[in-house]
Structure formats: structure tokens, C-alpha cells
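Two complexes follow with chain A in common, the first pairing it with chain B and the second with chain C.
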Partner chain A sequence: ELPDGGARPNAAQFKQLVVTALRELHGEVGAALPVDVLTYEEKTLSAILRVISSGLVKLWSALTLLGFYQNRRCAFRVLQTSPFLLALSGNSRELIL
Partner chain B sequence: MVRFKNRYVLCELVSEDPRCRHCIEDRTLGLVVRDAIARVHGDYGLACCSISFTVKYLNAYTGTVLLRCRKDSYGLLCSALPFVRYLESRAQRYPCFLNTLHVGGTIRTCQKFLIQYNRTQLLRLLQNCATQEERQCIQKSLLSCSLTEEQSQSGDEEEDDGTE
Partner chain C sequence: NILTVCFSVGYSAVALNHVIDFKEKKQEIIKPVSPSELFPSLPIVQGTSKRIKVLTRLTLIVSDPSHCNLLRSTSANIRLYDIIAVFPKTEKLFHIACTTLDVDLVCINVTEKLPFYFRRPPVNMAIDRGIYFELLYTPAIKDSTMRRYTISNAISLMQICKGKNVVISSAAERPLELRGPYDVANLGLLFGLSESEAKAAVSTNCRATMLHGETRKSACGVVYTVKKPRKVEEEETAVPACKKAKTQA
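The block that comes next holds the complex of A and B.
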């Protein structure tokens, strides 16, 4: 989420942001965690990230604690996590796709 | 029984520069190690390891260093030790590295290991001696650090550390 309407990051900058967040909280070891950006939409600023299951805690904590993007306040909201990609496409409780 | 368990990491500071040995202090070494942990493991790792982190013992002559940290985070500390590349003191940088010798749960086990290690090192030095004088010097120091009945255990250990 970027509250002020500034320049939106593209996919590469988004990945750079994620890696920077990991590096700040977990150091070089965290920055070396293999994170993939599977999809990225610049309009809604939402993305699907893939990470190894042992790295979920590190990634989520790093994203939560990231506050700034190019000196602008920002926040990451995690909407859904799941081990299966298909589960992210719909709301499995209401069975609406 | 609930108590805080610590791990004591015994390291050896190795550097080619002989001046480096004389000007290391426990505070500078602590700062250098914490800086390395911050680089490798970030803010979280630094905070984790700094809970109970101190430089317990430092011997400038032999370069022996004893670090203490919590049992939960000693893995982070040990993995960050190879990233200590140089020591900064008085605006001088000395390239060096830390060899981990032993990790123990108490200072006493580390001390026992250090005595054994120093004994083997003295014997190895004896074999690698070039001149006869060096040989005699080392032999004399080896013979003088034997345990007599009047001497206490701590006296023997101090002699062992001091005659390196």
C-alpha cells in the first residue's frame, strides 16, 4: 500500500524492495532467501510471492516491518497464504471463484 | 530447574600483523563481532545474539578469545564469526580472522579444553623449532608447567596459558 500517489514500482523494483526488507531484518542470510514474484499488478500494487516454507516466517516478518519505499511511507498487507497456488484464486470458504 | 543456559565459544585470533596482538581490547572485539552479526543476520539476529553477549576472556599474547551468548542463538554467532575480517582500533585496520576452537556450556569446560590445546600446541612448536635455543626454551617451559603437590590447579592452568 502506498498512500500518496507517487510513482509506482515496477516488478523489478518490487522484488528489490522485498529483498531489501529481508536484508534489513535478517541480514545477508535473509537477503539470500530464494523469493520469487510470480505475478505483479502495478495498478493494484498486489503480487503473489513464492518462498520456501521454512522461510515464510522470515519473509512475513520482514514485509511487516518494512515502512519506507524511497522515503515514502508504505505498508505490506498479507491477504492470504497457502501452500497451493490454486487456493489463492478464490475464497475457499464461500466457494466463489 | 529453570535457568538461562549459555554457550561459551572459544576462538583464536589469527593475524599476520604482529602489532595487531598488542592493541586488541575486549570492547573493540565485541563491537567488531556484533557488527559482523548485524551484517550477516540483520537486526533480528543482532538483537537475538546481544541478549547475553560479552567477551568473557581475552588473552592478547596468545590471541585467545572467549565469547558468551545464549544457547538459542549461538548458531547465529558461530556462523557470523568467519565474517570478521579485520580489527579496527585507533583508526588502524588490521586484517585478521577468528578460528573457532571449542564451544562449551561452561567456562570450566572451555578452560579444560584450552589447557589440552595449549599442551598440544607447545609440543607441536617443539617439533617445528628451527634453532637449538628455541628448542631449549620450549623444553624448559614445558618442564616447568608440570603439576607439583604444593601448586594448586589454577596455578598450573595459569602457567600453561602464560608459557605459550
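The block that comes next holds the complex of A and C.
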């Protein structure tokens, strides 16, 4: 999420932002964590990222603690995490059995 | 404004904080803003059918034992707050807060290096009394130096309290500084909590703090009852079947 006004990042800048967040929190080892951006929508600023399961905690904490993008305040909101891509299409927290 | 973001992200109860610093000469406890003045009708929590609770909370920054007298005074305004938290600045005050003061939360400073080390006796007494330790995560978003202090102070707290009685909260002043509940639980993993403790730090421990505040307001205690569906008929039919099996064998 970014406040209104200002340029929106494109896909490459978004990947750079994720790597920067990892580097700020976990250093070079964190920045070396292989992260893939599977999809990225510039309009809604939402993306699907893929990471190895052992690196989930590092990536998630790095994204949570990121505060600034090009000197502008920003916030990452993680909507869903799951090991399967198909599970991302439904919201399991509102599941009514 | 911030509150609308909270509701969209998925919190079910929010506490509005009012900080009182005792360094200035005259401080009066102001009556808390009643939540009904802010919203005509509270929106519904995402996923359940209950409305969001908005509570009021008071934080006292104490650097002198005489400031604690305020808590014992019969000022009517203090009783209007749902949760009371204290922010001790010295080791003596930390000890007093954990053992004798009538508060619900003890705030742990995250913005600077702790001037004192935690010791086990006051921390264990606080855990027995039902007092929770609070960590803030918003400074970690703003500044990288404060990030280091947050993590180091949190880790030293975990070593002493073994992960019990910890609450993680945000001191957000802007809607962009807020993070979702699962994100905050993940931060607990960074601080050294186990997975279940981290999730509890955001959910069950917070609820326990709310109940502790209510207990403090009332005379002796609070009991929460939940309606359970009747299962008596099933048990009765199960018993004769067992008896039958015994006689046959």
C-alpha cells in the first residue's frame, strides 16, 4: 500500500523493493534468499511471491517491517500464505463448514 | 481513520491509548474519549458476526516512585479506562510495577537500550499475578536503529520470561503503520517466541489483558460463560449399549 500521489513501482522495481527489505532486516544472507515474483499488478499494487518454505519467516518479517519506499511511507499487507497456489483463490478464514 | 484500516485488516478489538508523562509539572487525568462519540455504529468484524470492540487505555510513564501514588488515589477518571499500563524507567520501578502495582500491562521500552537488566524474581511474580509485558512494533517500521533495540530488548525479555505473558501491540499513529494480526504474529517468531506463543501474543494474551482490566474494575473476579449445545441424550444411549456388550461377552 502506498499513499496517494507518486509513481507506482513496476515489476522490476517491486522485486528490487523486496530484496531491499530482506537486506535491511537480514543482511546479505537474507537478500540472497531466492524469491520469485509470480504475478504483479501495478494497478492494485498486489503480487504473488514464491519462496522456499524455510525462508518464509524471514521474507514475511522483512516485508512486515519495511517502512519506506523512495522516502515515501508504505505498508505491506500479506493477504494470504499457503503452500498451494490453488488455495490462494479462496479465503479459508471465512470458510463455513 | 486508523480505526477503519484496523477493521478492514481483521482485528476484533482495538484499544485507544492515552499517554501521560510525569515529567511535566501538572498532569491531570483526562476523561477518556468514549468510543461511541467516534463512531455512530461500529462495523462488523470480518468473518464473524460480532461488532468490533473499542476500548480505552491509559499509559503512565513513571520515572519516580511518587508518580505511582496516582494509581492508588481515588481519582474517578482512572476508573473509566479499561486497561491501565505502566512504563517503568528504572529497575526499582520495574520491580514495584511487577509486584505491587495494580496495572494490567507493563510496557517494555523498545526505543533505547534498556538501562536495567531483567531479573527473574519480579518477572515470575508478574506472571503469577497475571500481568502481561508489552512490546511495541511500530518503531521497528520507522527507524533501523530502533529496529535493533526492539529486537535486542525483546530477545532479552524472552530469555527471562520464557515467552509467557507477552503481548505485541502497535503504537500506530498513522494508518500505514498498522500491520495485520498474522504479520504481527510472525514478528513474534523473530523475537524468539515459538509459533503457538507468537499467535497467543496477538490473540489470547490480549483477551486475557482485557479480562484482567475488567477484573480490576470489579470487586473479585470475572467469569465468562459460553452456551454449550446439549449432549446429554447421546450419553444416555451410549451406556446401555456398553452394558449389552458386557453381558454378551
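Note that in this section the second predicted complex is superposed on the first by the 91 of 97 C-alpha atoms of A that agree within 3 Å, B and C clash if a C-alpha of one lies under 4 Å from a C-alpha of the other, contacts with A are read in each partner's own complex, and residues count from 1 in each chain.
Note that contacts are C-beta pairs under 8 Å (C-beta built on N, C-alpha and C of every residue); 3 or more make two chains touch, one makes a residue touch a chain.
Note that the structure is predicted; figures quoted are calculated from it, not measured.
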A:77 touches, of chain B and chain C: first, second, both or neither? second
Chain B or chain C, by number of chain A residues touched: C
Touching partner for A:23 - first (chain B), second (chain C), both, neither: first
Partner chain(s) touched by A:61 [first = chain B, second = chain C, both, neither]: both
Doubly contacted chain A residues - partners chain C and chain B: 24-25, 61
Contact set on chain A toward chain C in their complex: 1, 3, 24-25, 57, 60-61, 63-67, 73-78, 81, 93-94
Residue ranges of chain C in contact with chain A within the complex: 9-10, 46-47, 137, 140-142, 144, 147, 174, 176-180, 182-184, 186-187, 189-190
Partner chain B, residues of chain A touching it in the complex: 22-30, 61
In the complex with chain A, residue positions of chain B that touch it: 37-45, 79
